[in-house]
Structure formats: C-alpha cells, structure tokens
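After this come two complexes, each holding subunit A, first together with subunit B and then together with subunit C.
Coming up: the complex of A and B.
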C-alpha cells in the first residue's frame, strides 16, 4: 500500500512535470534551443498568483490564477520579442546562453520583490480523500485533472486544427513552412503562449502542494529538462512519458533513499540517458513533433 | 505575365544573378537550363519571395512584387515548389494537403481534393500515413498536389526530376503538361535539360547569373552549342 501511495504521488507530480516538459520541448522543436528561462516562467506563475492574491489586489486565490497566467504569457512574449527573436539567426549556443542569462534576471526580479524566504498561499484547501488507505489531497486531484485536461486539449489542437498542423509543420522545417505560406511569426507566438500557460498553471499547482521559493524554477527546469531528454528532444508525447517517469521514479525513490535527496534522481537520469540513449525513449531519426 | 527586369541578387557578398531579364507569358512553360551554380534556383527563390533582389524589379501582371513575401505571392497566384525536401515528413499526407486551407475554404478544399485523388489514385490508401514514409517520386507528386488545390496562375518548379527514376520522371512531366494545358504557366528549372526543354514552349540558358541564349524549346534542343554543352553530344 505504501508503494502504491508513492506511485500515485509520482503520477500526480509527473503529470505536472510533463506540462513543463512539453512547453520546453515545443519551444525547442520550433526554435531549436533549450530555453533555460523556462523554469522562471514556472516560478513566476506561482508567485504571480501570490502577487494577485495579496494586497493591493487581494483577489481570491482561484481568481488570481487568471491574471497570473496572463502575466506569464506577457513575460514569455516579451522574452521572445526582446531577446530570442533578434537572435534567431545566430548559433543555438548563443540562444542557450541568452536564456540562462534571462533566467538569472527573472529569478533576481522575484527575489527583489518577494524576498528570498519561503512563502505559501493562505488557503484551507488541504483536505484529503481517503480511498481505502490511499490518501489523495484535493490539490493532487486538481493537478491530475489539469494535466489530463491540458494534454487532451493539446492533442486535439495539434491533430485537428489548422494552427496545430501549422505548428507541427514549422517544427519540421521553418524554411519550408515559410514557402508553404504558413504565418510562421503567428505560430511562434502561439508556441510561446502554450509554453507559458502550461508552465504557469503547473507552477501554481506545485506551489499549492508544497511552497513558493525563488529557486523553485531552477529545480523544476532541471526536472523538465530530464523529462525532455528521456522522451526524446522535440517530441511532445515523449515529454509526457518522460515527465511521468521522472515523477514516479523520484517518488518511489523516497522509499529507499532519504527524501532530502529526491531532486537527485533527475540529475542522475540526465547523465544516464545522455550516456546510453541520447535520442531518448521515443527519439528517432525523423525530427519534429508527433 | 511574369517579367524579371534586370534583376541582381545574391547571398551576402556573393552576387549570383546580375542584370538578368526573363519573361514568362500567360499559359507558357518556360525552362531554365545551365550549369551548376548558374543561378537557376536563385531565379525561382527571387520570384517566390524567399530572397530579395538587390536591384531590379519582378513584375507580375504589371504589378511590382519584388518585395512581397511567400504568403502574399501565393495569394496572388504564384506557387513555389522547391527541390528535394518539399513536403513535411512528420505530417500525414492529408495534413500536408490540409495546409492549403490557409488559402482556400473547407468546401473548396474537399472539392479539389477529389481531383487530386483521381489524378493520384495511390494516395487514397496512404492519406493517413506520414509523408516521410513515401518514396521520392510519390513525395514529389504530393508536393505537386498543391497545384491542384491552390489553382495558381504561375508555378515555380525547381528540379522536379531530381533523384527520380526515368519512369517516374515521365509521370511527373506528363502531369506538368496536363496542368499547363489547363492554363497554368510554369517556370521550370531542370537539370535534365532534354526532358525540360521537350515540354517547354521556350527556354533560357543561364551562365554565371546571366542570360546567355534564349529561344523556343525546340530551337534550343537542336542548337549545336546547347547540344554540345548541356545535352551530352
């Protein structure tokens, strides 16, 4: 029963990691670089809710989620417009380093405004349901439902809509997409929006489950990076699988090693994957979002 | 219909086309031949809007279109089918065709899709497989399907026979002739000069970005210089 409980905790956390990973992998598949500032979108999502829930706004927690998501979308579009778009013709390494710099800037911004201490939301939303010995909190349930909902929407978007098909075409080849008359700039903006919405909502839910800490972005960024590598870089369904695997492995791991080392799992996995299967589980020679 | 007036273009410091003049009349198939590096593909890229000319004008129905992008060109009726990788491998055949819906309505798409499936009956069974699984010849036909769907006025076709077996090449060229008879003009770049000139009304021989010779397809086919240089004897 204890292991089953850990497994469920793992699936819940993994679903949210998958949300982060999918944003990261989609940005990669279109722009060909890993956005290290992605973690800061997660952290700003969590802190954004805190911002709008406390004075001078003092909105109820649930209502604060929406302006927070809008704020994170604005940050994502700004970073694209001011940093990544002007650099789009340079080497991927340049973009990578720019994104690392950007992550420091955004993290320091958080610390400047909110301080370096731990925060948590003022809410009484911590009750749990008892399923014959298995405890699932409402927060976990919300995390699970949201992850499923977002992935269903994403699937429909990518396979049924013209915008989704255009996004997949752009990730196959930006140049050919231009020749086909696909509005590549609009598609780019759309990819950033999806990445931001997924990051902000996941960030809020994880912070609701634990706490807010200015370094949270970095931790989750590393975990989603591991998930992306595990599933195969640029592969949306690989990111889902990778996220779930990371969540399950790190939670099951707490049965054997101290929970203090929980975050170790992601790092070890990154090294192991890069050594033995650099193309990831679902990775193949054909690149692009599938 | 299409008129290139003393076009100069290139990549960075490198000038590929200098003071080039080319005309394509309505309903014509015009073939560009010439050695590698003569700038044949660059001509198409300039007309398609992928590359901006540094000097000169591209006129389409007497309108200056030198500075408009690919999207705008398609709206005006100029379709570019590039060489080699010209479909999206991870999208299914149907999804590749779906991308035409950026320009045409759902009902028009369905109607014209029927024409595509009658022309290429093999597509029916493969509509939902990824385009990356197709052979080179079938991929070229998938790329050409866009002509049926978008009904452009002018098609810019870059090396349609590249890497294909002679039998498939014949198929592709007969498709081009059929489309041409329906009133669609073609500006064709072809390595296989004999094949290209045989379907062309007129041809241009390019050399180092300049227009060296011009004439009807038949004239060029029997021209002693062209025969010696490009038709292998």
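Coming up: the complex of A and C.
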C-alpha cells in the first residue's frame, strides 16, 4: 500500500513535470536550443499568483492565476523578441549561454522582490480524500485533472488546428516551412504561449502542493530536461511519458534511498539516458540529437 | 587596506578559476557548465585533509589530484556528447556534487559546512598578506602553464578540435583522448582554485558551490574573451570589482539586503547583452596564424 501511495504521488508529480517538459521540448523542436530560462517561467508562474493574491491586488487565489499566466506569457514573448529571435542564426551554445543569463536575471529579480525565503499560499485547500488507505489531497486531484485536460487540449491543438499543424511543419524544417508560406512568426508566438501557459500553470500547481522557493525553477528545469531526454528530444508525447517516468522513479526512489537524494534521481537519469539511449525511449529518429 | 587585500585575493582566485575553465571552454570548445563541481571537490578535499592534520600544501596538492581525477572519470562517459548536451550533463554533475556534499553528513557535516580550515602559513607567518602572496605565486605559475599549453602543439590541436572535429580526426588526432586530457587538466586547476578559496575563507558549505558561481565564472570567461590567455584575467578582474563596487552604491537602507540580487541581475543582463552584441568578449581571439 505504501508503494502504491508513492506510485500515485509519482504520477501526480509526473503529470506536472510533463507540462514543463512539453514547453521545453516544443521550444527545442522549433528553435533548436535548450531554453535554460524555462525554469524561470515556472517560478514566475508560481510567484505571479502570489503577487496577485497579496496586496495591493488581493485577488482570490483562483482569480489571480489568470493575470499570473498573462504575466508569464508576456515574459516568454518578451524574451523571444528581445533575446532569442535576434540570436536565431547563432550557435546553440550561444543561445544556451544567453538563456542562462536570462534565467539568472529573472531569478534574481524574483529574489529581489520576494526575498529568498520560502513562501506558501494562504489557502485552506489542503484536505485529503481517503480511498481505503490511499490519501489523495484535493490539490493532487486538481494537478492530475488539469494535466490530463492540458494534454487533451494540446492534442487537439496540434492535430486539428492549422497553427498546430504549422508548428509541426516548422519543427521539421523552419526554412522549408517558410518557403511553403507557413507564417513562422505566428508559429513561434504560438510555441512560446503554449510553453508559458503550461509552465505557469504547472508551477502554480506544484507550489500549491509544496511551497514557493526562488530556486524551484532550476530544480524543475533540470527535471523537465531529464523528462525531455527520456522521451526523445522534440517529441511532445515522449515528454508526457518522460515526465511521468521521472515523477514515478523519483517518488518510488524515496522508499529506497534517503529523501535528501530525491532531486538527484533526475541528474543521474540525465547522464544515464544520454549515455545509453540518447534518442530517448520513443525516439526512433535521430533528428535533433547530435 | 584589509579590504583591498580581500579584493586582490578574490580576484586572483577567480582568475585561476576562470582560466582553468577557459582551457576547456575557450580552447577545446567544451562547454562545461559544471566547473564549479570540481572547484567544490578541490575545496572539500583540502579542507578535510587539513582539518585532520595534514599540511596546507599537501592539501592543495591533493585537491588538484582529486579534482583532476574526478574530471578524468567524469569525462570518460560524458565526452561522447557534444555541444549543449555536454553542457547540461556537466551542469547535472555539478548539482550532483553539491547534493552529495549536502547529504553525506558523516563526511562533510552537510549544510552546516566545515569551519576552522587552517590558513596558509609560511615560516610561521599567516594572514591576508601571506595568502595574497601565495595566491599570486600559484596563479602566476598556473597562468604560465596555461600559456605553455596554449602555444604547444597540444593547445593548437585543441583549437582545431574546437573549430572542426572531423578535420582533427582526418589528421589522425584522437579527439576523445585530447578532450579527456583537457578536462583532467582544467579540473585539476579548478580544484586548486577551490582549495585556495577554502584556505582563504576558512569556512565552506555546500551552498557556496551553487549555480551562482557557475554563472559568475562563465561570465568571467565569456566577458573577457574565450580562447585567449588575457581574456579570463580581464573578465575576472572586471566581474570581481564591479561586484564589490556595487556595495558602495548609495542605496536606501531598505535596499541594502537586495544588493546581492541586484548584482546577480546585472551579471545576468551583461551575459545576455554579450551574447547579443559581442559574443567574442572584450579581447577577441585573433584568427591570424601566429608563429610561436
């Protein structure tokens, strides 16, 4: 029963990791670089809610989610416009360094405004349901439902709408897609919005379950990177699978090793995956892996 | 005066640290974002040895050896990756080192850190002046080593590998072996810088070796100019003096707690602007063929 509980915790956390990983993998598949600042979108999502829920705005927690998501979308579009778009033709490493700088800038901004201490939301939403020995809190239930909802929406977007189809074309080859008259600018805006919305909502949900920490962005960025690698770089459904795997492995792992090493799981996985299966579990194509 | 000594020592340690990263990042094109991991290994090695009674010199030597060896072991599997993948794997390595130091309390006392690390002592004298002189000698000797490496056939091969691995292979160079040796040398000097750091501050804890330091040292190298000997020196001096100079800004009292964060924001911004405007850094590497 103990293991089942850990397994369920793992699935819940993994669903949210998958939300982060989707953004990371979509940005990679279209722009061909690892957005190190992705973690800061997560953290700003969580802190944005705190910002709008506390004075001078004092919105109810649920209402403040929406301005927070808008804020994160604005950050994502701004970073694309100011930094990543001008650097489009540079080497991936130049973009990676720029995104490290960006992440440092955004995180320090967060620390400057909110301080380095842990925060948590003022809410009484922490009751749990007892399912014959299994405890699932409402927060966890919300995390699970929202992850599923987001992935259904993403699936519909990618397969049914023109923008989604264009995005898949652009990720194959931005140049060719441009030649075919696909509006690549519109697609990049679309990718950044999806990435921002998923990161911000996931960040809020995880912060609701645990707490807000200025360093949370880095931790989750590393985890979602592990998820991306596990699922195969550039593969949206691989990111879902990878996120779930990371969540489950990490939570089951706490039964066997000291909880202090919980965050280590993702790092070890990154190195092991890169060594033995750089194309990921699902990836049969070598595309995107050099 | 004490304060200037402090800045001098910190500058020298950063110069050594940044130059060792420059060997990997600038010369061989290995984007090692986990260099701070080797710095931490060096610090803890010498701290643990000197705290159990060995001399500082033995500690520093051991710091170099252990860090170099870890670089060798780490690079054996990871060097199969290239570009940004290598970068993330090395970043993961540095975080693994930090988590190890944080969790193995029997060895490192975990988050409480190691206090009371002995200072450098020459002929019974100790203090900041002695530390400064020691750091100066060690840094100058190390820089001399780097210069030798850069101008040797070994260094030229590294630059060839950075520019085009396939060409290097076609010339019969064992690329992986060259990279492994570079990682070992770079890590050893990184470990030495870490050792000096530990003996200067007298107290280390795992959280000193976070991503913050990685970004700082990366900034030193990228700002100064990758692949040049002088670049990291200029970069380190600039980064340290700007960082320290910000303390003297006339800020309202409520803001003083935030100086560290403002400093980080500034460094992040500079890193972005550099990538946008001048990715080669202040001192650009000359691409003329030099006869040495």
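We take it that the second predicted complex is superposed on the first by the 285 of 290 C-alpha atoms of A that agree within 3 Å, B and C clash if a C-alpha of one lies under 4 Å from a C-alpha of the other, contacts with A are read in each partner's own complex, and residues count from 1 in each chain.
Following the convention adopted for this analysis, a residue touches a chain if its C-beta (ideal position, glycine included) is under 8 Å from a C-beta of that chain, and two chains touch if they have at least 3 such contacts.
This one's a predicted model, so the numbers in the text were calculated from it and none came from an experiment.
Q: In the overlay, work out which of subunit B or subunit C sits against more residues of subunit A.
A: Larger number of subunit A residues touched: C.
Q: Can A:172 be said to touch subunit B (first), subunit C (second), both, or neither?
A: First partner only, subunit B.
Q: So in the superposed three-chain picture, is A:183 touching just subunit B, just subunit C, both, or none of them (first/second/both/neither)?
A: A:183 sits against subunit B, while subunit C stays out of touch.
Q: Looking at A:258 after the superposition, I want to know if it touches subunit B, subunit C, both of them or none. Which is it: first, second, both, neither?
A: It touches subunit C, and subunit B stays clear.
Q: By the touch definition at the top of the document, which applies to A:162: first (subunit B), second (subunit C), both, or neither?
A: first
Q: Given the touch rule stated above, what does A:112 touch, subunit B (first), subunit C (second), both, or neither?
A: second
Q: Can you list the residues of subunit A that touch subunit B in one structure and subunit C in the other?
A: In subunit A, residues 289-290 are touched by subunit B and also by subunit C.
Q: Which bits of subunit A are touching subunit C when the two form their complex?
A: 33-34, 83, 86-87, 90-98, 100-109, 111-112, 218, 222, 225, 258, 260-261, 263-264, 266-268, 270-271, 274-275, 278, 289-290
Q: For a test of understanding, state which residues of subunit A touch subunit B in their complex under the given definition.
A: 162, 165-166, 168-169, 171-173, 176-183, 286-290
Q: Looking at the complex, which residues from subunit B come into contact with subunit A?
A: Subunit B reaches subunit A through residues 48, 50, 69-71, 73-75, 80, 82, 85-86, 88-91, 95, 98-99, 101-103, 130, 132.
Q: Which residues, counting only subunit C, touch subunit A once they are in their complex?
A: 31, 33, 77-78, 80-85, 87-89, 91-93, 95-96, 99, 102-103, 211, 215, 218-219, 222, 258, 261-265, 267-272, 274-276, 279
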